[in-house]
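Presented sequentially are two complexes of chain A, the first with chain B as partner and the second with chain C.
For the complex of A and B:
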């Protein structure tokens, strides 16, 4: 029987993602310790992160609006198995509805002892209060902020 | 159902494995197509058009895997289209094939699905690239973390527990032991599931699916032509539906919740309407749901209309979805025991066809005459549903 051969290959392809003015305003806000969303006056939805149109009403967004830095957890996971490029495990990722927003945004949750990551600490349960904390060295990425437990 | 309904003549699938080192990608396709033609008692010259299904080609590392496989599915000289809706690809391709026949464009169509997830060592690195590069990729969202976030809401919304998930895992692994094509043939216990490696709370290894190499193919033909064949599965109804891109935009209000994917509900509504199904729990005999994680299957019970709002877990608690239960779900073992992504939706479709043709072998549901096959793709974006039956109406 012939021994089968596998030929190594790699894809190395770099990208520059064009994000537009609405998302750029969001990252500019993070540098100032602010979080911005987009308001659709037709249905009152405030999308965070912002976008230049509202899909429900299917109209352009009317304006950027600042939302609160406090919010509540809407979904949570604690990652215990490392993936390529992930932070040290365990780490927590949550979706948060910030005060004044109608959608939720994902980010890392810091400031909670996760133990071995197999049980959910009370501070991470759904509807728990959290607040945004900003990096002193912003890089223009969504990780320029993260969440910590409680109200700011 | 209209009089020009399409019918499935046969199904072919490869034995799913981590790596099939003995064949190249196109050779894998040839194997599945040959099996489907033999099962249908048809010849490649009987095929008028081909629909090809493959999900992210980053897995294969070959751009346009449809082009790579042209000869292997007998595509030369024929119309060929590729369908891509992420994991739902195989389901979308099956429905597209049926619609090509129902429209009167072609008499007989071959639908083919291929995926080799083993060609790259890090599946989750590939899956990270399906997330939004502006707001989501930097937070390390991938399929496992994404589905774990869904599970956290299901615990809140309808009381999902580790016990429910472990029961579904064991059910599906037990069913796979009866299916020679399943990738994983493992005797597992509830305790094995509960003690398996934690990946992302609340998910553990045995709540998830393997990465599989494999291909599948279905031959379908017009109703008029099908009447000349002894064993066929009739396409009685189908639906596709799509939801918004960002996960955070699906955590808004009661009508849009990650816990119960509304887009699968919309797809099923359309399929049921076309098939004349008003009471799915009593009118369906078997379901081949595309659920690569145990928690997703339980949420889908509600989306598919098998349980009232918030009560899908009762089908677990009563054992209703086990083989021999009221409504067996994935008697084949399903995606949790074999997941060649772009082909998986077509495997669900083909398995549902085998069930209503009475040719499913050891995992046959006794007397099955009406089956539902679904597929899901993206992180909750694309859903398909198809109702297949032993009779044309």
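For the complex of A and C:
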């Protein structure tokens, strides 16, 4: 019986994603230690990161607004399963509603002992206060900041 | 069989080498303008049918990251990995069955975000044999033509310029107060078996057209114009002959803007609507290697 043969192959397509002026403003803000959102004047929603239109009202949102660096946890997960390219496990990813925002933004939670990842520390409870901490050398990427427990 | 689906409004970002803005902004620009054109609010939309390619968009399940822009936020969302005319008749089926009253059908391409768009078509080739040979994907069509004609067929057409575009059409029940004067009345696709060697390469297109005309009970002799999306390697004369219509009734996209990916059929439909419908008008598209996946819709005045 002939053994099954595997033919090597590769699938690599490069992209240069256009992110638009609103998202560009968001990443520019990160370089300065600021977080920006977009205000929909029709329904009052402040989306972070900002979008040039409001998904709910389906109208343009032509106003950028700076939001606070303090916020509260809206959702949390502790990742104990390694994934290609991910940080060393365990690590925590949280959704945070920043002061002045109506939506949540995801990022890593640092400054909390996750132990073996099976016990949820009090600092990671829903509605716990957190604040954004910026890298000393921001590059205009979402990884320029992370969250730590408490109010700044 | 009679089913008439109202066309309430439409919008098109004309094909261009690069349309500035993020992909979701292109889509939103088109869908929101189609709603304005229809005089319909987002609250009246039940869902969205769309045609998109994860490979072209550089996203896995691209529609999941583009929901806000298509108008399907917290609404029904259905996608085809096929030309956008398939999304049109999917939407028509949803409206016709009563599952929805008003839908957006949309499609897009932002090839300008792809570093090397020419690398994408080759990925459609079977990986262990055809892709390893590194020949032009259009050669598949030439091989089919060669089998049909028994002659040598050249594959000498230059690759088309990939284009950015976004198109949207708002469809609704025929009796809807915003339905307008135009209806989709015929729907067809090449759902038969794959071509056997030697069968006409335009057989799927013929099947799709025949099904759409049968559905609408309209003879081909009554069709005023046929707008063609895709099929860039097939001449208008050959299409006309295959469909038994005069070549003068065939309307092609600008050859320089013909590579519109899955959006080709919807762009052709919007072009037909923009030029004005003065009688039964077919819109056809065919995609895939060997243009085996064909779709057709018929547009009529009420």
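The criterion applied here is as follows: the second predicted complex is superposed on the first by the 152 of 152 C-alpha atoms of A that agree within 3 Å, B and C clash if a C-alpha of one lies under 4 Å from a C-alpha of the other, contacts with A are read in each partner's own complex, and residues count from 1 in each chain.
Keep this in mind: contacts are C-beta pairs under 8 Å (C-beta built on N, C-alpha and C of every residue); 3 or more make two chains touch, one makes a residue touch a chain.
Remember, predicted model here, so these are calculated numbers, not experimental data.
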item: Combined model on chain A where chain B meets chain C, clash or fit; value: clash
item: Which superposed partner A:23 touches (first chain B, second chain C, both, neither); value: both
item: Touched partner set for A:7, first chain B, second chain C, both or neither; value: second
item: Chain A residues touched by each partner, larger count belonging to chain B or chain C; value: B
item: Which superposed partner A:87 touches (first chain B, second chain C, both, neither); value: first
item: Touched partner set for A:55, first chain B, second chain C, both or neither; value: both
item: On chain A, the residue positions that both chain B and chain C contact, one per complex; value: 9, 11, 15, 17, 19, 23, 55
item: Chain C - residues contacting chain A, complex; value: 20-25, 28, 32, 35, 41-42, 55, 58, 67-69, 71, 73-74, 110, 112-116, 119-120, 123, 127-128, 131-132
item: Chain B to chain A touching residues, read off their complex; value: 21-22, 58, 61, 122, 124-125, 128, 133-136, 138-142, 144-145, 148-153, 155-156, 197-203, 244, 246-249, 251-253, 258
item: Chain A to chain B touching residues, read off their complex; value: 4, 6, 9, 11, 15, 17, 19, 23, 45, 47-49, 55, 74-81, 83-87, 93, 95, 97, 102-108, 117-120, 126, 141-143
item: Partner chain C, residues of chain A touching it in the complex; value: 7, 9, 11, 13-20, 23, 51-53, 55-60
